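In what follows, structures are represented as structure tokens.
Both complexes below contain subunit A, partnered by subunit B and then by subunit C.
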Partner chain A sequence: MESFSFKYPAGKKVAQRAHVGVVGSGDLEILLEPGNNNQTEFIVRTAADGFQEIWKAVFERFIALNDIDAVVTLNDFGATPGVVSLRLAQVLELANKIK
Partner chain B sequence: MMNTSFIELKGRERALALLDENSFNELLGPFDQLESPHLAPQGIVPESDDGLVIARGTFNGQEMIVLSIEGAFQGGGVGEVCGSKIAGSLERVLADNKNGKKIIPVIIFDTGGVRLQEANYGLLIISEIQSAIVALRDYVPVIGLIPGNVGSFGGMSITAALCSDLIMTNTARFGLNGPEVIEQEAGIQEFNSRDRKLIWDTIGGKARFETGLVDQLVEDDITAFRAAIQTAIDKKPTTPRTHQVERFLSAINQLDPKVKHTRTEVIGYLNNPVNEVPVIEDAKTPGRGRTWFAALTANAVSVSDFPGVLVADIPFNGKLTRFIAVVSNASNRYPRAVHGEVGLQEGWVLAKYIRQAIEEDATNAVKRNIVAIIDVPSQAYGYNEEMLGIHYACAASTDAYATARLRGHAVTGLIVGNAISGAFLAHGLQSSRLIALNDQEINVQAMSKQSAARITKRTIAELEEATKKVPAMAYDIVNFYSLGAVDVLIDGINADAPDADAVKKVNDELAKAITAGDFTLGQRLKTEPAITKGRISSILVRTKLAEQWN
Partner chain C sequence: MELNPHDLLRIQGMEDLYSGCPFPDWVRVALVKAPYVVVRRAEHIIDGVPVGIRGAERGQRFAAWLHPDKILEVITPGSLINPAHWKIAYPFTMPATIQTLTLIAPVMQMTGYGWGPTGSSGFELATGISSIKDTSDLDLVIHLPEKITKQQGSSLLEQLEKLSLVGLDIQMNTPAGGVAIREYILAEQVLVKTSTAPVLQDANCLWS
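Then we have the complex of A and B:
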């Protein structure tokens, strides 16, 4: 297991916290909570060691498209970059959903 | 109309799908971050809800709680947090029902049983879940669902067997020992874990329904599951399977253990009771269970009609006390139970003699004490065992011990030898007090090292390394004591050949445990080792749950 985090400057508020996914084979869970630090912070724990660069690329792509002040916790059990991107999009959609 | 699959849903979605629209309210959810503290030290990524969803809501207007195990996370294995979420919720539901507030519990089983990475926590907490279910059944139906993907195995199948109504699909499996574990323990000639037809014909949903070990077989469809739950709620109470001692013992006596019986044969045995009992030789095989039974009862003659389970009533500390031991008998009819394992017959015979004590004392103000002398190497691993539902045999004795406590019998466990897995759940873990000899040969565990290594895909060396970080994974009695469930470790005893002093020492501790006047399993969370280290998460889960409960 590996743990690391990345931070990116951000400004836009999100409506609410949101949760998607499970820590199951080829999947991950993501918890998104509104932040107060004008940044997007990604906190990762992953079962697959040695892929930090790929995580960074996935997050940078996400950040390029989305400006959110939030703490995003990712518990990963071997999800592919495609699955991670999909789950990030899902969790953001839920976080901005108007009830 | 197209079916909407229930099986394909994750644990949280399953709970959502069952409850009335907009009634779902999750307790101890992902943002409470009550994850397992035992996984990360072993290099395993935890989940924010530890794989268990507690959902309060309504079902056709009736208050309900759904406890949904996430099978995709660690195979639905029950660890300390996950298990305590189930046990703590059921304890709350029990209290509410006792106070006249009707809440119906539904448990979704998608679980391999004990989470081997938290081994002994799994065993302890599963026994606490079981205790709550037995108590709850007096008030409301406890409904179990086995939808499939993982199915239900291990200690959680013993738990499922205690439910008032079990609902299953044909794509789920329901057994005590998984096929790989049986093959590992008993050999490929006993059970070939790659023979899919064999597996489904033995433990598949259709097989279980035909054998009468589950109540309803449903299609994989949300509407069908909801309808089945309503049927379970409306059903008139029937005699639980775990109370049908004579019926199952009759089948066990008819079965020839040397032959692998077909499902049709087993159904025939279950439905055609006979009174003939085969002769079982008593080899009086030496062992600690037998030694301590003799020592503590002053060589009393066992009143049991089965030589693998010894039973005697003697006056102890001024009160009639029933001592019970499961012992090895080299002449046991069942070859998979010759070493003192809890097999089909052992489980049901235990139930028979515990229930006998409950019934005989039913109208007495003073209830006799019950003492379980524990030296059990494991449950029995075998084909016939699975076919006839060994999880029900273990559940029958579990039910009986728990019921004895509820009816006012002091139930105490004395660990003199090994206390392993399903056997310990069936014989010992329902004791409100446990005491143990401080003997380094004693093992307390959920699974043998060989099998645990195979299932968790680790080497035995890696497994032993992990035990240094997580005491619940260790095999010795001192580490087990550190979890807080044992009142006292008795030092300086020769466990194989106790002298008069040793017997007196044990009798003194036994007397203390019995007279403590406990009839619940609650003491385990109050001991010094439990509070300071052993059960911190179990206590935290219950505290947080109390804050969120209304």
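Then we have the complex of A and C:
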């Protein structure tokens, strides 16, 4: 079990908090909360140790397109980078969905 | 021979496998200890069954291909419902996940669905190699060629959870691919593990 966080400068506002994913092998849960620090903060708690560089690469790709002012908490159970990217896209869509 | 994701295959050893990436050292260690691989959800190619190797650590998973002729034995999750097929005996204490498996088996059998243990519990029962940790959930696969409603899924999960001593991680094997039952019950859009890639899909379209 490993925990770490990454911060990136960001400015786009999101509409509301959102939650996606499940607790289960090969998957992850993501909670996205609107922030007010002009940054995206990713807080990761992962069952698989030693993959910080891969997480960083996934986040950097996400941030390049979506520099959102938000706190994104990820509770991971060994998801692949592909699953993490899909879940990030999904949580962002929900966070900006007009209710 | 039809192989499904989660089936365990007994092989000779690492020489039966090939991969585009170099094999990490732990793969050799893992296969010497337990010469078994698990069928991955990916397209089967001519002369290649997609398989995964699990190491002792959680993050240790490696994808490779296996020549079909090299399969010595196929152990399906469904076969592991029957304790007569277990390669391990628990004379003193049974791990909580295995106790849970025996507790929920009658309920699962009543449903008529094909099902069985996967993950560390399935691996331990099939190989006799100790793999279950104190923190392990019980992983199950349920084969669902026909639709179940969210209501049916939720009532089944509720019944199972009442009997469980550990967390349950249940994958539904639907025509669209693998879906977590917990997400199917709650979400409009679910993560589907298909044979090509994970995709997000409308929960109502898994059987159409």
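Keep in mind that, in the parts below, the second predicted complex is superposed on the first by the 99 of 99 C-alpha atoms of A that agree within 3 Å, B and C clash if a C-alpha of one lies under 4 Å from a C-alpha of the other, contacts with A are read in each partner's own complex, and residues count from 1 in each chain.
To be clear about the criterion, contacts are C-beta pairs under 8 Å (C-beta built on N, C-alpha and C of every residue); 3 or more make two chains touch, one makes a residue touch a chain.
Quick caveat: nothing in here was measured; it's all calculated off a predicted structure.
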{"item": "Touching partner for A:Leu31 - first (subunit B), second (subunit C), both, neither", "value": "first"}
{"item": "First (subunit B), second (subunit C), both or neither touched by A:Val83", "value": "second"}
{"item": "Which superposed partner A:Asn75 touches (first subunit B, second subunit C, both, neither)", "value": "first"}
{"item": "Partner chain in contact with A:Arg17 - subunit B first, subunit C second, else both or neither", "value": "first"}
{"item": "Touching partner for A:Arg45 - first (subunit B), second (subunit C), both, neither", "value": "first"}
{"item": "Residues on subunit A lying within both footprints (that of subunit B and that of subunit C)", "value": "22-25, 27, 47"}
{"item": "Residues of subunit A that touch subunit C when the two form their complex", "value": "20-27, 47-51, 78, 80, 82-83, 86-87, 89-90"}
{"item": "In the complex, subunit C residues that touch subunit A", "value": "57-59, 61, 119, 137, 139, 167, 169, 171, 180, 182-183, 187, 189, 191, 193, 197-200"}
{"item": "Complex contact set, residues of subunit A against subunit B", "value": "1, 17, 19, 22-25, 27, 29, 31, 33, 45-47, 73, 75-77"}
{"item": "Parts of subunit B lying in touch with subunit A, wherever the complex brings them together", "value": "10-11, 29-31, 40, 43-48, 51, 70, 72-74"}
